[in-house]
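Pasting a structure below so you can have a look.
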Amino acid sequence: MNLAPLPELTIRDQVERALREDLARGDVTTDATVPMDVEASCVLRARERLVLSGLPVFEAVFTTVDPTLRVERRAADGDVLEPGAIAALVHGRANPILKGERVALNFAQRMSGVATKTAALVAALPAGAKTRITDTRKTTPGLRALERYAVRCGGGHNHRDDLSSAVLIKDNHVAACGGVAAAIERARAFAPHTSRVECEVDTMAQLDEALAAGADIVMLDNFDDATLIQAMERVGGRAIVEVSGNVTLARIPIIAEAGVDCISVGGITHSARAVDLGLDWT
Amino acid sequence: MNLAPLPELTIRDQVERALREDLARGDVTTDATVPMDVEASCVLRARERLVLSGLPVFEAVFTTVDPTLRVERRAADGDVLEPGAIAALVHGRANPILKGERVALNFAQRMSGVATKTAALVAALPAGAKTRITDTRKTTPGLRALERYAVRCGGGHNHRDDLSSAVLIKDNHVAACGGVAAAIERARAFAPHTSRVECEVDTMAQLDEALAAGADIVMLDNFDDATLIQAMERVGGRAIVEVSGNVTLARIPIIAEAGVDCISVGGITHSARAVDLGLDWT
Amino acid sequence: MNLAPLPELTIRDQVERALREDLARGDVTTDATVPMDVEASCVLRARERLVLSGLPVFEAVFTTVDPTLRVERRAADGDVLEPGAIAALVHGRANPILKGERVALNFAQRMSGVATKTAALVAALPAGAKTRITDTRKTTPGLRALERYAVRCGGGHNHRDDLSSAVLIKDNHVAACGGVAAAIERARAFAPHTSRVECEVDTMAQLDEALAAGADIVMLDNFDDATLIQAMERVGGRAIVEVSGNVTLARIPIIAEAGVDCISVGGITHSARAVDLGLDWT
Amino acid sequence: MNLAPLPELTIRDQVERALREDLARGDVTTDATVPMDVEASCVLRARERLVLSGLPVFEAVFTTVDPTLRVERRAADGDVLEPGAIAALVHGRANPILKGERVALNFAQRMSGVATKTAALVAALPAGAKTRITDTRKTTPGLRALERYAVRCGGGHNHRDDLSSAVLIKDNHVAACGGVAAAIERARAFAPHTSRVECEVDTMAQLDEALAAGADIVMLDNFDDATLIQAMERVGGRAIVEVSGNVTLARIPIIAEAGVDCISVGGITHSARAVDLGLDWT
Amino acid sequence: MNLAPLPELTIRDQVERALREDLARGDVTTDATVPMDVEASCVLRARERLVLSGLPVFEAVFTTVDPTLRVERRAADGDVLEPGAIAALVHGRANPILKGERVALNFAQRMSGVATKTAALVAALPAGAKTRITDTRKTTPGLRALERYAVRCGGGHNHRDDLSSAVLIKDNHVAACGGVAAAIERARAFAPHTSRVECEVDTMAQLDEALAAGADIVMLDNFDDATLIQAMERVGGRAIVEVSGNVTLARIPIIAEAGVDCISVGGITHSARAVDLGLDWT
Amino acid sequence: MNLAPLPELTIRDQVERALREDLARGDVTTDATVPMDVEASCVLRARERLVLSGLPVFEAVFTTVDPTLRVERRAADGDVLEPGAIAALVHGRANPILKGERVALNFAQRMSGVATKTAALVAALPAGAKTRITDTRKTTPGLRALERYAVRCGGGHNHRDDLSSAVLIKDNHVAACGGVAAAIERARAFAPHTSRVECEVDTMAQLDEALAAGADIVMLDNFDDATLIQAMERVGGRAIVEVSGNVTLARIPIIAEAGVDCISVGGITHSARAVDLGLDWT
């Protein structure tokens, strides 16, 4: 499957924001010690097994600091890198490379961290499973576009982008409407015809109500394995099924084999650790 | 020790950026299902043991979505909350509360995650130790101010803010100057007199060179316990000592007892997981 | 049906941008001639039959110019106003009212123009028709959020917000994939599970192919009335049907009676004229 | 007459704002279906008679989406295009062309719409008339610079840019000063010496007062043809004369032949429809 | 004469930009030493004779840092303050007052510096002279609106705001057109009818040419006193006369008595020193 | 000593802001009179003795207005230029050169003014003195990065960048803590370990207290020559010594010979006049 690239404008906005934060007032150490005529070549190398994400952002950091720097890609976003594998080379003046290094790594380590965590869940799916691993809206404030891209690099899929792009009815929406059926009906009347209507359910009774009201997607929230299997039977193909809550690596095969369409996992964005990608100077 | 607050302007910038990402095009579900005249009160509650951080940001999210919402604080940033403890109440119209909920939680969960991870390291220090736990520049792009604040909430200290605010000489700077002494001398001539000159050293030989050249701070990079103790003797109070690299919870007492002044840990910002803080609707 | 409000942040961004354009350097005429202590009350009045839209934006212009100005609403967005009807009153210092007047009217006249044009199409639907009138992406650059809101004020519905929020396969996408079926299959594999897959078709053959490939929505592009009726039979409820192209007021009842789900009309945003809403000074 | 170009920075600001609105989160359809190695050439073609405006903006949209795209101009802004005439060619990767197509057309169709509507009024002027057709401040919020440029493309002229760049005294200013003469005197004392003082008049009595007070420009507001001719005699060359209000195509020759210097028309910006300019894929 | 106020939005933009520069990362000294419950009252006092300018900006700095701070004005912009005179009081928490103090003073000292320098030139005008002292476009980049306002506070007038708001033909424009007459004719055909056409002349011959071509304003560039008087006779009231270049305090009465309409002086903005306005803590 | 360059992003931000202020709405004079095909070469020339600063900003103005313009540098920032010396040449189309000329000069004249004023103080230091001339936070709002750079061009050094980057305890901080010692202790506990702690002292008693409390830097505020010499003896090398207040050119050798480490002077930024650098057209 091909990977939808990050828009150029999105990359530029993110890179400029990060460089304003770290470099806009100068780099007193580098300018004191590294003359402009010193050239260098550096290697971006995996120091653990990881799924790469963020190479275009990494590159844009350096070319924004100094348009004469060149980044030579040796791998592509979405590739699995073994420890020691080379992701890219950076060539040019040592002074601006040193100025951009930390910001470039901050992006690549975090984005690859999200991709790697996603890929671990994807790898736990049984062979041939149709089940998707998706993200949620539990992303880092200001970095949603980058993290959604990183999820795709890890083989995952995206859920709705923001509060406007699809309907997801939760318990408080249901309560305000006086019931699942009313909430679904109102949402369908309100939402663009291009958007499916998804409804979160906590019990089998709510599931029945959602199915009867014609929900396009039901989100089974915190169902245990046994109830989940029972729920899938009840659905019987009448709706797309999303599972959310208490998803562990161990449960993924069980959930997938129950025939669930998608498993949404907040942790792939809100709790991914940075992976160890380093810049080696040669 | 009192806690330096986040500047109002910084909070506003972050909150507006995050809301533009999630809400600027509307919330199709909430507007379909929750009339404007439904009132609600919600409770922000710890669902695990955590150190709170980000309450002013959490509050600003709601008041930016709707200035009539009120957030009643029941705890303060820096407080340790036990599971079930209440951090704050949110009162007002259910519709805008639902619109801001996810963004408000994204901030509070992440910032409290950084504070909690920091606090765990701080708690590992021996009683009465003068040693500081500090952050690094390995922060989330665009969120540095918030993460540095969260580190302080957790009892940690901040390292230099950006590349301009202090000198930190690393191996590539040394290489470009032809030696530690030259690098320190150039940096001292270059840097504001308000900034100390810090030099990273990898070996005892480099340490000797840095001390001889009058480094104000030496950063011992990836020293094992034995070498570390030997290094502290060599320093003999002539410089502030920072330790970095391979810092585990178990090593912290050892490092601290060796008399080290500060331990900088990238992981408290680059790999903190979001803690479980939830909004309960009553 | 209730009307989803414009987010406060969106209103503020639009109003500040417009005022920067017109007022940021001052108003030489008003400051020369109107002392700050002159008070005024003005009436926003319809000078033709119109559907009101943009009152919160109109209000925000004045309160941004001077927070002491008060706007008293006498009608609500979505209301039909007959000629002479009062939409709102503006009270306060004449000097800042004069400074904001043109920008406030520019917003209200245009947004009400879109709402009024939309309402004319909606009014042409047969009683009880399920058919929606929707907008397109043919909106004024930079004003999409306001125009989508205005369409809702006029009783219309929104289509997808942007290129990321839903799938709409057009002829060039089909051509690149080698066929309708392949395009639909790839899009389904790619898109969030919350998004329906819509496919534009120009011929009955393409319609058959799209239905066979399981398109959720088919867009019948430039179908004449007879072919449209034939197409609806062929669909037989298997997909949502959208009609686009050459939609005139006269054709709307015919299209609606054929059972079409939605009619998308670029002209309601790209070619609406400003309606005559004026500010009378009393 | 040569045409003042749009500043590069203005084009960039507008294009980036529009692309952030439509494309910043990606194009799920195009990325699913159109591989990056598919090349295309497209033709921007007039589908009705029109005056072209916005070609540099159209071009900047594509090169902002992807700097490798090339736009080959076959016409220039200000040219009259007959139906079928080619304005430009777009060459390069089909994927980014599809992503930018709608935004590029939204700009070109609207700007050409303003130019075309302006040109229709200009064409109604008698041969050799010195009368100008000018815009007003009734422009689309946020797009004033583009619309003023489009007016020039259509052969029109610009009125003052914003509230600071010239004096235009209206009835409320007069009322606050207690008379036309006082208002003109204060404005002259206040305004930069580079700015003329213009005064709107509704009656012959006000016209006399304005002329006596030395107004540089008088704006005859809603004067009928007979009164207009009478007013021109009264002016007798003592002031520049602008006519505004109830200007129809039919009245333009009459107004021009009366010797009026300029006719300002809000409708050329506030109520121009988008013209039919399309992108044909070959 | 009343003083046109700075637009609120302009004040806010300037204040936020300045605070982002100085305070956005916190104030480590103040937060370490000054608890939030310490209250203070400070006095903004003139320490030399000066013309006050910038009080609304001074106030906005403090209320942006902390909305609970109160600034009590004891003087108004444009007032002459003797040494020791009080301009304003600041009341509230000492901590945020200390954080905003430097930025608030930076604005007030600079703006009052421009006003004071302007006022010195204005004071040199003979009693009853109609001559204006005006600014130029030689303003500090990014601060033009504030500096133009400060000029008005000092009793000066503004020249054109930017390159679009009026015509000023200089020698290079003349050279490109092949002569003064051609340049004036083209400019008049091009510029809005609300703008006067000004032409710089270096010699009596050019002056004659400009007058013959109907220039509305002639700028006599670097004319000595004798030639100036001769030039005024030549003009004979046919044009507004501006003098520029080599303007000293001593020459101002001579120039004014020659009947010149306006004297433009770059130095009032490009070379004003900050005046001594201090914040006394009580 | 090498000169730390301005970051590219900082230059771009400043240049775009300034051009938006002056040129964003076009240049009516130049577009009326100078066709696009007229080429020109201009010379940036010193018209008085000056220290050059701002050449990269000067260049960026022209290339932002028109990327085809070329600036050929004939001198470097930090160079002393004698009257008549050439700093740079500008080649390309006359039209965009005229549009950028004023903004480019505004930057170069002001920045060189700061550099020149700084250099005059530096030149007053005795040969071989270790004393630094430094700036303060009394910079033009919004231009701090440029002015700090200009100070370096003049041979000066920078003080702390903003309120977060170093500790500087003043009298109000001391008062709130109840004494110099307490203030220093709290600041040291609070500040990053990379920052020195500086304390302003007004009397010998305060100096003793600050030294006893271990201040890293003492700022002697408004000390006369005799007391200054006495103070230096008291310090005896225990702290870095900064002198501030009432610093005249005549006093600089005396202060330096007393062994002071640095002299901070607000006037080099807050009261530098623009130097005479002009663009000659050939």
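Letters are used for the chains, namely A, B, C, D, E and F, taken in the order the chains are written, and counting of residues starts over at 1 for each.
In this text, a residue touches a chain if its C-beta (ideal position, glycine included) is under 8 Å from a C-beta of that chain, and two chains touch if they have at least 3 such contacts.
All of these numbers come straight from a predicted model, not from anything done at the bench.
Any chain touching chain A that also touches chain B appears here: C, F.
Chains touching both chain D and chain E: C, F. Counting the residue numbers used at the interface between chain C and chain E, under half appear in both copies, so the two copies meet with largely different residues. Taking only C-alpha atoms, you rotate chain E by 180 degrees to land it on chain F; that is to the nearest 5. Here the spacing of chain A and chain C, counted between their Cα centres, is 32 Å. Computed centre separation for the pair chain B/chain E is 44 angstrom, with centres defined by C-alpha atoms.
Of all residues in chain D, those that touch two or more other chains are 4, 23-28, 31-32, 35, 99, 161, 164-168, 189-190, 192, 195.
In terms of inter-chain touching, the protein chains here follow a pattern that is not a line, ring, star or complete graph.
Contact annotation for chain pairs lists A-B, A-C, A-D, A-F, B-C, B-E, B-F, C-D, C-E, D-E, D-F, E-F, with touch applied as defined. Those residues of chain D that touch chain A in the complex are listed here as 16, 19-20, 23-28, 31-32, 35-36, 64-67, 99. By the touch rule above, chain E contacts chain C in their complex via residues 2, 4-10, 145, 161.
Only residues 1, 4, 132, 134, 157-161, 164-168, 189-190, 192-196, 198, 217, 240, 242, 261-262 of chain E touch chain D when the two sit together in their complex.
Interface residues of chain B, counted against chain A in their complex, comprise 14, 17-18, 21-35, 38, 40, 94, 98-99, 102-103, 105-107, 109-110, 113, 137-144, 162-177, 183, 186-187, 189-192, 195, 266-267, 270-271, 273-274, 281.
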